[in-house]
Amino acid sequence: MTPDERLIELGIELPPPPTLSASVAGRFLIARQSRGFLYISGSGPFRDGELVYQGKVGSDLTLEQGYDAARLTGLLLLATVRDQLGSLDRAAAWVKLLGMVNVAPGFTQTPAVINGCSDLLVEVFGHDRGAHARSAVGLAELPLGMAVEIEAIVEIAD
Amino acid sequence: MTPDERLIELGIELPPPPTLSASVAGRFLIARQSRGFLYISGSGPFRDGELVYQGKVGSDLTLEQGYDAARLTGLLLLATVRDQLGSLDRAAAWVKLLGMVNVAPGFTQTPAVINGCSDLLVEVFGHDRGAHARSAVGLAELPLGMAVEIEAIVEIAD
Amino acid sequence: MTPDERLIELGIELPPPPTLSASVAGRFLIARQSRGFLYISGSGPFRDGELVYQGKVGSDLTLEQGYDAARLTGLLLLATVRDQLGSLDRAAAWVKLLGMVNVAPGFTQTPAVINGCSDLLVEVFGHDRGAHARSAVGLAELPLGMAVEIEAIVEIAD
């Protein structure tokens, strides 16, 4: 089963790919392809261009909300891959995530938050292609106060 | 127009490439080439070996000072590329930046700070080669209290 | 002298390679190989599955303890390389470290902490292969309150 077929089976409809806001457009890219890799910029928990999860996990937001924020971010990573490569199936493997959580002081369950994204990738791509190296760490502040930000490296199929 | 010619047109003179201080020399590298990529170590807002912007953006330093710090850091990234590759023109594309801002609590405009570096790269290399994937996030502390630290991945021309 | 021979000369016995705890197993990987690179997940200062250094460097822990934590983390990175590639000698070069220190407010000597890992890599691999690009920065929180977390990119020999 291809990742695109698996999405249908899971009943997941991908959102439109993220676009850059006016204040940063022209300055950087949602993603850059280089030497068989797709580098995806730090992405956040947006839906229809609106930031859905804002605030610090551990005070403003619960662990469960953080997990949902990471899953929502994962949907945008998938949308970016499809937009950049034409099809999810051209992603040979998810190589690496840097998962950054906007943490309240003392909140150390950052891996359980980023699992929201990792679980999605494994559901859609299976373990062989979807599982990835990662770090899941607590940042002092993230852009716009978003709850999580995740950047990714994907191996492009030949 | 090559990036080197563009620098002249912009009236920008690159600083000398950064060097490692005695306390870390021999331990790591300013940059490492591997499989057609140049990985550049986290660089900061130094001029003539002096740290120019120290402190937290949003309290000790304004957003505008943070932007300048990121631009100054970008000049050192350019100097490193020229030093490592012999010419800026051997940098086929800027692939990825991790932009880290030394933030005061509550300062979330980290993308606007890192734009100082991104803008410089696009000015010198043009959008096709200069624009890059990136994250721009807020760190709790940076070495020596520097205002920003930026690491980069560059694609080396064949 | 190979890195494996050098380990013996240094009297270093590598620990078993790290394994994922039940809460994250299946979700991600200790390491992913892709296009001649080995990407290693963020690793911490564990020994025999126990977290040895917990807390914030600069308050709960001294700089010296932070250095030891980074060295211990480096031993796990080496164990991961041997486990993944069969032999340390298949690591052609250490390309890049992202060294993250769990910092107390105001602690900015993060490079001196991460030197614990960098020194180990250079001791075992020599400067040509062991020295690497890196960043060494202060994070707000790390998983389980670990003192340091380090992720790595290694070039795999052809």
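We call the chains A, B and C, going by the order they appear; numbering starts again at 1 in every chain.
In this text, contacts are C-beta pairs under 8 Å (C-beta built on N, C-alpha and C of every residue); 3 or more make two chains touch, one makes a residue touch a chain.
Bear in mind that the values here come from a model prediction, so they are computed numbers and not experimental data.
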Overall pattern in which the protein chains touch one another (line/ring/star/complete/other): complete
Proportion of interface numbers common to subunit A and subunit B (over half same, under half different): different
Chain centre separation in whole Å, for subunit B relative to subunit A (CA means): 25
Numbers and ranges of subunit A residues touching at least 2 other chains: 35, 98, 139-140
Residues of subunit A that touch subunit C when the two form their complex: 35-37, 93-98, 101, 103, 105-112, 115, 118-119, 122, 127, 131-140, 153, 155
Footprint of subunit B on subunit A - complex, ascending: 23-24, 26-32, 34-35, 39-42, 98, 100, 139-145, 149, 151
